[in-house]
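The following blocks contain the structures, represented as structure tokens.
Consider the two complexes below, in which chain A is the common component and chain B and chain C are the respective partners.
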Partner chain A sequence: MAAPTWHRLRDDRTARTAAAVLGAAVLAALFAPWLAPFDPTLQPDPIALRLMPPTWQHPFGTDAFSRDVLSRVLHGARVSLGVAVGAMLLSVTLGAALGALAAVGGRWADAAVSGVVDVFIAMPRLVVVIALVATFGTLSPWWLVVLIGGSGWLTTARIVRAEFRDQSPREYVLAARALGASRWRIIWQHLLPAVAPQIAVTAALALATVIPLEAALSFVGFGIQPPLASWGNILLDGTDYLTTAWWLVVFPVAAVTLTVGSALVLADRLRAVIADEQRAR
Partner chain B sequence: MTPRLLAVDGLCVDAATARATARAAAHAAAPVPILRDVTFAIKAGETVGLLGASGSGKTTLALALLGLLPTALTARGRVLFDGHDLLAAPESTRRMLRGRRLAMVFQEPLTALNPRQRVGAQVAEVARAHGERDAPRAMRKALDMLDRAGLPDAEARARRYPHELSGGERQRVLLAMSLLLDPALLIADEPTSALDVTVQAHVLQHLRAQQRERGMALLLVSHDLGVIATTCARTLVMHEGRIVEDVATRQLLTAPEHPCSRALVDAVRPVARRA
Partner chain C sequence: MRRLVARVLHAAAICTVVATSVFVLLQFAPGDPFASALDGSDVPPGVGAEWRARYGFDLPPGERFIRWSGALVHGQLGYSASRHRTVAGVVTDAMPRTVLLVGVALVIGFAAGIAIAMIQARHHRRWPDRVLGALTLGGVAMPEFLLGLLAMTWLGARWRLFPVAGLASLGDVATWPLWERAIDLLWHLALPAGVLAVSIAARVARHQRAALLGVLHEDYIRTARAKGLGEWDVLWRHALPNAIGPVIALLGLALPALVGGAVLIERIFGWPGMGLTLFDALLARDYPLVLAAVLMTTIVAVVARTLADGIAEWMAPHRAPVS
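This part shows the complex of A and B:
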């Protein structure tokens, strides 16, 4: 019924496929320096090799500076996925901690956290982040992680708070307290494991939101700055040649779509498994 | 004369505010029972039954003793246990006493166990909650206790989840948890009501054996006079939040005084006569 959540997810073929695609993307990012056939910033011949369509030597073609697009997409994955995973971990951790605090920390903690959530959830995130970036000027990828992660914890906090409140009055929690478990042990041993599958859903969804968010920021010029490649700024470079050099746009978009799509599918399957379990109970 | 282990003096439980009451009532389908001037004592090693119809306040009394009342209910009066005034003591003191000196077994073993944790880990968790830092040692202790609780093939069963065990096995797990740290008083709230009759007999037997072996006091909460009559030397009869009778179980069976007690005794008499 329970830790079995993970076993059931493992047995779900769709979920396994999605996880495999995500895993491949992460591996590609990790091993980009070894996988990429060229240096992503190398401009071998800006005249002769300019805007070459895909060939065996350059499977994704070359860009306006004769750089290899495959190498740029692989290296861009390092930056784009790195920022996305970092921001996701930050926002989910913050959300879980603040949601837990709201649920068990008493009336004032609850009022404070819920109040902040209610106010900020009404603001469009992309606009808030752009406004902040514009205020601070261009930012290093680390600051992007902090900004994007710091603005994304609201949903997780809400869900964790609601789930904690649902689990807290259950008899097994009361029974654990009756045998002397402290508040911290209740949270770590009983409440968090109960909420973990739901947190995983919000994590997958966060990943699916944050990848396009970083791409959008870089695309409008506020995110990752050249010469560092990210999926967003490769796309930005490519839009000038949209009608003449399709490969500049298609490959980075495909990378974003595949990873975001598999994160969404994974979230959806996990949610289905949780729903099945709740029905069975 | 053995010293008194638990002395409850004028314990009242009230619903705090109108709003809180409404919420509590919505939570617990049944109307909230309120305790009125409950006074009794339990000596070390004594077996006491708490008998009463559903809704008479038995479980509220048990939770009040542990300091685990829902927030909508407040307790007044005095509960002296082991030299501590439980209602006045800080939460940290009460937490140290719970599980170590004062333990409770709940009615429904399936919901009282965490569905997401292997049962062995749940037993070991009691030791860890009370400061055992060595995880393997806590687990050995747990396995030993499960074995003594009569769980067949304890080592293999400890790796199962609660829903993979039978009702009787689950109740043995709960007993192992509550007896792990050798408490001086065990409160058992309808420990056998969710089990079928043959399993009930085994669990009661085990409970009695453990109680005698450890010289532990037992407060057995039940609506079932049969269960209490075979287990407890003394019986408290509860009715609408009051203790209406506090007598030796034998005397209750032969000469119940309060109309409530009489009704409860009469209810089982025909069965006894036939047998």
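This part shows the complex of A and C:
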């Protein structure tokens, strides 16, 4: 049922480009220890090599501690993308499960899930996450994943609930039910595959919101703590040298913008493909 | 009218639940405003307890909640130990600044976004559409605070076109004539509001372009063209009124995120609104003020969203009743 959607997405040139950029970022993160020319925490010469503009040896320049910015951005990708992908997976799984529960679990389950979604979707997520992290002390990256992912399931739940309710009365579901399929079987074998493209859209959008969220948290000093590098705290290090060292700001900003942009494009193209299919039906 | 009442009640219910849950969460928070001053080993035992009792920090959580929510109904939000004044006073100072920042950014960003989308729809699939499409994608992909940093680096710090921090110039600004003070304020507002406006414009433009292209196939558009209307007139008078409602509703959904972005922008540009208040309060462990800041930013988001929903419904095309 869903396979043609993926084929069509694969044939879309814009989507392929975006997927390639995202894939390259993920590969860079995975292979950072081998790709990075230096140790990201190495301070070779804090006097002579301090705040060096980009050169052949240091393509992204060096920071105030003479650390290589390229190596820090690559290692930062590990942390930033790792937290982002983890939080995205958590929020999408949680959202899909709770959305499905609301759609097929009866009136009370629906009221409970929808009520929670209704209230908390109105809160500025960034404000809440910052307040929580700052109040309860700085957290390890794992806890950041839990907190960011745990606060992001609302939109997925809403969309999955709506899609499930849209699919449930259709003939193929009725047929499965008539054949005696259990509720679990219907969810796993029929409903979930049918709405998988829509879940993928929310996953891409979740990635596009979670990357800036982690960057923002680390940027205000409540997220990833030094010496561990993340895109957000490289920026934080750079804010003291805005007038003198542009390379400390530009490269992490570019990293965030490129990954977020390709996730957005991917979501956009997938949505267009889904809309095309629904029109064709 | 009944839907309006229902909507206001809904918004009020959201704020109540949010206030309660934030209060409950903060009960588990470590430390209080006295911790740094009175919990040292050089303070005689009992002194800390005495001061906590004086400010009501020794009461059980249930009683504190009843007192706090009772005071809230009367417009009191407690006492801010880090600022030595009432929380309500801090909020009345900071809130208008945040509303000014977000309001100016919303108006400019929305108008610019509509204009960009009109140009894109007018020149669909030609170079103006493509160039603006790439720019708006960049505007959505780059989080506000990153754009803020770039704007600060170049427009502020390097080229010195705009001030990078604060509300007003240094010196005896208070003695300046009113209009000079207003211009000074706007000049300081330029970077933070401009950055937010760019983000909003990019989001609005992308939604509005899609919505415009969606209605351009409709029969009434063909009719308008057949009447001999120019393409701009068709877009402005026929396509836009029918395509703008969903965009406003979508903007309403995005508002909580925009308020979150504004909080960071305030921090970067030292704009002393609710966002900066929140950061100061967090660092000082001034929980009544944290509570108020979270609650107030939520209320701004909820109110703005309720307004957006109302406007979207009001703008939605109405069909004449079939007789």
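As a working rule, the second predicted complex is superposed on the first by the 279 of 281 C-alpha atoms of A that agree within 3 Å, B and C clash if a C-alpha of one lies under 4 Å from a C-alpha of the other, contacts with A are read in each partner's own complex, and residues count from 1 in each chain.
Following the convention adopted for this analysis, a residue touches a chain if its C-beta (ideal position, glycine included) is under 8 Å from a C-beta of that chain, and two chains touch if they have at least 3 such contacts.
The shown structure was predicted, so the numbers you read here are calculated from the model rather than taken from an experiment.
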{"item": "Chain C versus chain B on the shared chain A, clash or fit after superposition", "value": "fit"}
{"item": "Touched partner set for A:137, first chain B, second chain C, both or neither", "value": "second"}
{"item": "Touching partner for A:242 - first (chain B), second (chain C), both, neither", "value": "second"}
{"item": "Which superposed partner A:118 touches (first chain B, second chain C, both, neither)", "value": "second"}
{"item": "Touched partner set for A:194, first chain B, second chain C, both or neither", "value": "first"}
{"item": "Chain B versus chain C as contact partner of A:219, first or second or both or neither", "value": "second"}
{"item": "Chain B versus chain C as contact partner of A:170, first or second or both or neither", "value": "first"}
{"item": "Touched partner set for A:126, first chain B, second chain C, both or neither", "value": "second"}
{"item": "Residues of chain A touched, compared between chain B and chain C (which is higher)", "value": "C"}
{"item": "Touching partner for A:178 - first (chain B), second (chain C), both, neither", "value": "first"}
{"item": "First, second, both or neither for A:6, with chain B first and chain C second", "value": "neither"}
{"item": "Closest Cα approach, chain C to chain B, once both complexes are overlaid on chain A (Å)", "value": "20"}
{"item": "Chain A positions touched by chain B in one structure and by chain C in the second", "value": "none"}
{"item": "For the chain B and chain A complex, residues of the former touching the latter", "value": "27, 66, 68, 70, 95-100, 103-104, 106, 108, 111-118, 125-126, 128-130, 161, 163, 174, 177-178"}
{"item": "Chain C - residues contacting chain A, complex", "value": "10, 13-14, 17-18, 22, 25-26, 28-30, 137-138, 140-143, 145-146, 149-150, 152-153, 157-158, 256-257, 259-261, 263-264, 267, 275, 278-279, 282-283, 285, 287, 290, 293-294, 297-298, 301-302, 305"}
{"item": "Chain B-touching residues of chain A, taken from the complex the two chains share", "value": "1-4, 169-172, 174-182, 185, 189-190, 193-194"}
{"item": "Touching residues on chain A, where the partner in the complex is chain C", "value": "118-128, 130-132, 134-137, 208-209, 212, 215-216, 219-220, 235, 238-239, 242-243, 246, 249-250, 253, 256-258, 260-261, 264-265"}
